[in-house]
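Once you scroll down, you'll see the structures, which are given as C-alpha cells.
Each of the two complexes below includes chain A, the first together with chain B, the second together with chain C.
Moving on, here comes the complex of A and B:
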C-alpha cells in the first residue's frame, strides 16, 4: 500500500517565478481553447480577440481601479490581515468622492475638488475598514468574515442613497445622483474613459509602496508579521499597530480607487453593485497573482485588465454566454495559480511499504 | 402571530435558506471558511433545474446532491491537500462555479421554466426542522461531531488526540454539502420553478452571514433564519406599513450578524457559544519525508 505524504520545500525565487509565468501563459492557452470550443469560433479568431485585449488602450480603465486596490491588499495580506472588504471600501470611497463633489462648496473649484474628493474617498475607505480591524484586535473576531459582510452593508447603503435622499433631479427616476460638476471631474483622454494623471498616480503609489514594504523598518516588520508575529514583537514593534496600519492602508487605497471610479469613469454615483462591479474581489486574486509584490502588480494588473477586455470581446457574440465563459476562464486561471503555488511550496512524497 | 410563524416556516425559500445555513455550519465547524458555498449553491440550482427537466424530480434531486458533493470535494482538495488559503480558494472557485453554472443552464436547458413541484407545507417545515435536529445531533451528540468541532477549534491538538483532520474535514463537507444540495434543489424546483443566469448568486454569502449570526449553532440558526426569512419575504409590506426602505431591510442581516457576534464575544456568553476558533487557519501536518 503506497503512502503519500506532503512535504514542504523551498524553491529558489527564479524557479517559483518561472512557474508562475508558465501558469499565466497556460491560462492564455486555456482562454483561447475554451473560447473556441464554446462559441464555435476558430482558435485564430479567439487568439486575435485576446491579442487585441492586450493592445487596447482601455486596459488603463481597469488598471487605474485594480492596481491601487491590489497594492493596498498586498500590504494587508503580507501582514496576514485578511481584508476581503475592498469591494465595500471602494463603494464607500465612491460615496465620499460624490459627497465632496456634489454637496460641499469644494465641488466647484478646479483642482481642489478632485484632490479633496480623492482624499476624502481614501479617508472613508480606511474608516470602513476600521471596525473589522478593531473587532479583530480587541475581540479576536475573524476579520475575513466581518469585512466580507461590510461589503454588503456598503452595497445596500449606497443603493439607499441613490434611490432615496441623493437621487438626482435630472435623471428621470433612474437610481443615480446628478452628474458631478465638471470642475470636480478629472480630465480624460479623448475617446476613452481613463485619465493619464490617475494612471501615473497609480504607478507612483505602487512604487512608493514597494519602497515602504522593502526599504523601511515598519514595512519589513509588516511583511514579517505574516510569517512570524512573535519575532516582530521581540523586535520591539507592536504587532497590533502593524496590523492596524496594514488594514487601514488597504482600506484607504480601495477608497481611493472608488473615488477614481466616480471622478473619472461614472461621473456620478450609481448603485453599489455597479460601482463595485466585483473589482474588490478581482483585486484580491490579482494581488495573489502578483505575489504580493507591488512592483510585480503592475504587469499583473495589465494582464488582468486584458482578460477583462477579452471577456467583453466575447460578449459581442452572445452576452450571456460570453459573460459565463469569461467567468469560467478567469476562475480556472485563478485555480491554476493556486495549484502552482502548491507545487512550488510543497512536494508529494510517495512511499512504498 | 402563530399564523405568521407558520407561514414563514413553511415558505420554501426559508426552508432552502435553513438548509444552506445548516450546511455551512457543519463545514465551518470543522475550521474551513466556506466561501465556495455561494458558487456551489449557484451551480446546484442550475443543475437541479436542468436535470429535473431531463430525468424528473427524484433523479434530479440525486444528481443535484452528487454534483454539489463533487464540487465541494474539489474545494476540500484545494484546502486540505494543497494547503491553499481558504478565502482565496473560495473566491477563486466561486468565479469558476458562477461561470460553469451559467454554461450548464444556458446550454443544456430545454425551456426557461419548470413546473414547480408542489410539496405540502407540513412536509417542507418538517424537512427543515428534521435537518436542524439532525445537524444538532450529529455535531453535539456523536463522536463524529465532537471530532468536527475539535478540528475547528484546534486542528493541531485534535491531531494529537488521534483525529485525522483531513478526513474529518472531508466528512464534514460531505454532510454539509448534502444538506446544501437539498437546499439548492428545493430552491430551484419548489420555490423558483425557473432559471435565469446566476440565479441564486448571493444566497451563499447570506447563509454564511446567518451562520455567523447564530454563532455556528444549529439550534440557534433556526429561529434566526426564520426572523431574516420574515424580513426578506415581507420587504415590501414593511415599506408600505412602516415606511422602512427596502435597502435598509436588506442590510439588516449583515449589520445584525456583526452586532450579535460582537456582543457574544464581549460577554461571558462566548464560553457557552464557542465559535470555531481556528476558522480559516491553514493546517499543515509536518510529515517525515520518506
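Moving on, here comes the complex of A and C:
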C-alpha cells in the first residue's frame, strides 16, 4: 500500500508568489482549451478572444458589479461571517434602486436620483443580510444556510414585483418595470454599458476597505475575529458587534452592486435571476481568488472579468451555454489556485512500502 | 565507547530574516537526559521541531545510529522512535482523551487501552475520566495527557519541549521521575527548558543555546550560575527570589468583589462553588490551586467568558455579573488568559496589530517599541506575524496588555509559565508595580513561588471552593502549609 503524507514546507515569499502567478497563467491556457472544446471554436480563436477580453473595455461592466461584492465578502469572510447571500442582497439592492428611481420624487432629480438610489440599494442590501446575522447572534443558527436561503426569497420577491404590481405599462407584457427616468441613470461610456464614475467608486471602495481592515482598530479586530472571538472580547471589543459590522458591510456592498446593475446596465428592474445572474456566487470565488485582500481583488476582478468576456465572446450564436461556461472556468481556476496555495505550503510525500 | 543514538550535524535554519539555528551540532546518547537550555526564542523549539520532522533544515542533517537522515514528516521521525511532547498539547479538542490516544497510537479505543490509560493517569494523581472530551480539560491537564500519550508509544528518543515546565510541582515530580525511569531503561531524552534550576535537577548533560548557537555543553554537576551566565550572556542577572516588600497605602473599598459565585463546567457540574473574595486597590491577591480545581472557571466567570450560575461579580461597586467581557475590559478589567496561543494573541496578526488591539487608547509607534523593548520580544520587529514567534515570546505579546493600559483590575492566569527567568521577574515586578500605582491584582496560579513572591493575600482553591486564606507580611513562612492545603484538603 502506498502511504501518502502531507508535509508542511517553507517556501520564500518570492517563490510562492511566482508559483501563484504561474498557476494563474496556466489557468488561462486551461480556460482557452476548455472554451474551444465546448464551443467548438479553434484554440487560436479562443486565445485571441481571451487576449481581446483583457483589452476589451467591457471588462469594466463586470468589474463594477463583481469588485464591490467581493470586497464586502472578503471583509465578512475574514471575520468568519459566512455570508453566502450576496446574490440575494444584490437583487434586493436592485429593487431598492428601482424603487427610488421610479416611485419617489427623487427619481427625476439629476445627481440626487442616482446617489439616493445607490444609498438606498446599499441600505436594503444590508437589511437583507440582517436577519441571518441576528439569528446567528441570538440563536446560533448557521448563517451560511440562512443567507443561502434568503437568495431564493429575494429572487421570487423580485419576480413577483416585476410580474405583478411593478410591471411596466410600456413593456408589452414582459416581466420588467418601465425604464427608470434618464435623470436617475448614471451616464455610461458611449457605446458601452459601464460608467467611469462607478468604476472609480468601486476602486475607491476597495482602497478604503483595505485601509479599514489594516489600519483601523475595528478593522484589525475584524480580522482577528475569525481566529478567536474570545481574544477579541478580551481586547475590549464586542465580538457580536464586529460580526454584525462585517455582515452588514458585505450586505451593503452587494446591495450597492445591485443598484449599479439597475442604474447603469439594465435601466429597469428585471426578473430576480436575471438581475443577479450569479454574480453574488461568482464573487464568493473571486474573494478567495484575491486572498480576501481588497487590494488584490482589483487585479483578481479584472482577471475574472476577462474570463467572462472570453466565454461570452465565443458564445454568440450558442446562447444555450449561457454564463455557465464562465462560471465553470472561474470555478475550476479557483480550484487550481487553491491547490497551488496548498502546494506552496505543503507537499505530498508518497511512499511505497 | 558508546555510540550516540542520535547526532545533529551543523544544522542551520532561517525564517525569513531571522536565524533560528546557526550551525548547531549535538549528540544524544542512549540512557541519558540531555537538557537543552536557553531563554525565550533562543532556538530550542526549532531544534525540537527539526528532530521531529516538523521543520526542514536549511543546511545540515541528523544521524541516527550512524546513518544520516532528514525527516520530511513527523511520521518518519516516529518510525525511528522519535517522539515529541511540545509546549502546545497536540490533542484534538472534539475527541475524548481515550479517542485521542487511540488515534495517536493507531489502535482502537479498546477496553485494554482504557484500563491502562486510567491506571497511568491515576498514578499521576489525575483522576480524570478518559471519556471526557479534551476541550473540557485545562491547559495543564492537556499537557499531562499529551505526555502520557507519547510515553505510551514507547519512544527511543523522547523530546520534551517545555512540556513539564508548567506542571504543578507535585505532578512535575512524578512526571520527571517517569522521564528519569525511561532514561534508566536505556531511552534517550532531550529535555528542553528555560528553567535553570529544573534543568540542573534532571539533566545528565546540558547544552546551552543562545540566539540559535550552542554556546556551551556542560557535564552533570555544573554550577547553576555557570549555566545562567551561558544562557543570558550577562552577569547582571536578577534572581527571582529577591522579594521586595512594599508598603502600600491601605485602600478600604474593594475594586473587585465576588459574592457567592457558582459556575458550572462543560458538563454541568459546579466548577466554582460558592466562592467569595475581594481585591482592594493596591492589593495583590493570589488564588492558588492544583490545576482543575476551578481557577480557570473562576477567572473566566469574572471576566465574562463564562456564564455565572449564581452569585455576583462587582467592579468598583457596580454589578457586572452579566455584562459581556468586552464591556468589562473597557471598564478597566484586564484579563491575561490561560492559553496565550488561542486567547492571548490573534495568531494571524502582526505583533503591532495585536498590541494596538490591547491598548484601550491610541498607541504611538514609540509606545509600541518601548513595550517590545521592555518585554524583550524577540525578534523585535513589530511588523512580524505573531505566528512566527516562539511560545515564550507569544506569551510576552499577550502580556503587553499590562504595559499598554492602566487597568483598575488585573486578573492574570499563570502569566509567567512560558517565560524565562528574566522575563518572569519582569512580569512579576510589573504586576507589583501596577498594584503600587493603584490597581487591584488577582493572580490565578499553580505556582506557589510566584504567588508568595508578590501577593499580600493567598487563597487556596480546592474542588471549586476557597478552603483557606493566608495573610500577613511573612507569607513565605506559610509555604509548606499552603502546599499541604493545596494537595490534601
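We take it that the second predicted complex is superposed on the first by the 304 of 353 C-alpha atoms of A that agree within 3 Å, B and C clash if a C-alpha of one lies under 4 Å from a C-alpha of the other, contacts with A are read in each partner's own complex, and residues count from 1 in each chain.
The rule is simple: a residue touches a chain if its C-beta (ideal position, glycine included) is under 8 Å from a C-beta of that chain, and two chains touch if they have at least 3 such contacts.
Please read these numbers as outputs of a predicted model, since none were measured by experiment.
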item	value
First (chain B), second (chain C), both or neither touched by A:349	both
Which superposed partner A:221 touches (first chain B, second chain C, both, neither)	second
Partner chain(s) touched by A:163 [first = chain B, second = chain C, both, neither]	first
Touched partner set for A:239, first chain B, second chain C, both or neither	second
Comparison of chain B and chain C by chain A residues contacted	B
Chain B versus chain C as contact partner of A:135, first or second or both or neither	first
Which of chain B and chain C A:178 touches, first, second, both or neither	neither
Common ground on chain A, meaning residues reached by chain C in one complex and by chain B in the other	3, 5-8, 349
Chain B contact footprint on chain A (complex, rising order)	3, 5-8, 38, 82, 84, 131, 135, 139-142, 144-146, 148-150, 152-153, 156-157, 159-160, 163-164, 281, 284-285, 288, 320-321, 323-332, 334-335, 337-339, 341-342, 345-346, 349-351
Of chain C, residues touching chain A in the complex	15, 53-56, 72-73, 75-76, 303-305, 324-327, 329-330, 335, 337, 342-349, 353, 356-358, 360, 401
Interface residues, chain A side, partner chain C - complex	3, 5-10, 217, 220-221, 223-224, 226-228, 230-240, 347, 349
Residues on chain B engaged by chain A in the complex (per definition of touch)	33, 35, 78, 81-84, 87-89, 91-103, 106-107, 197, 205, 208-209, 212, 245, 247-248, 250-251, 254-255, 257-258, 261-262, 265-266, 275, 279-280, 284, 286-290
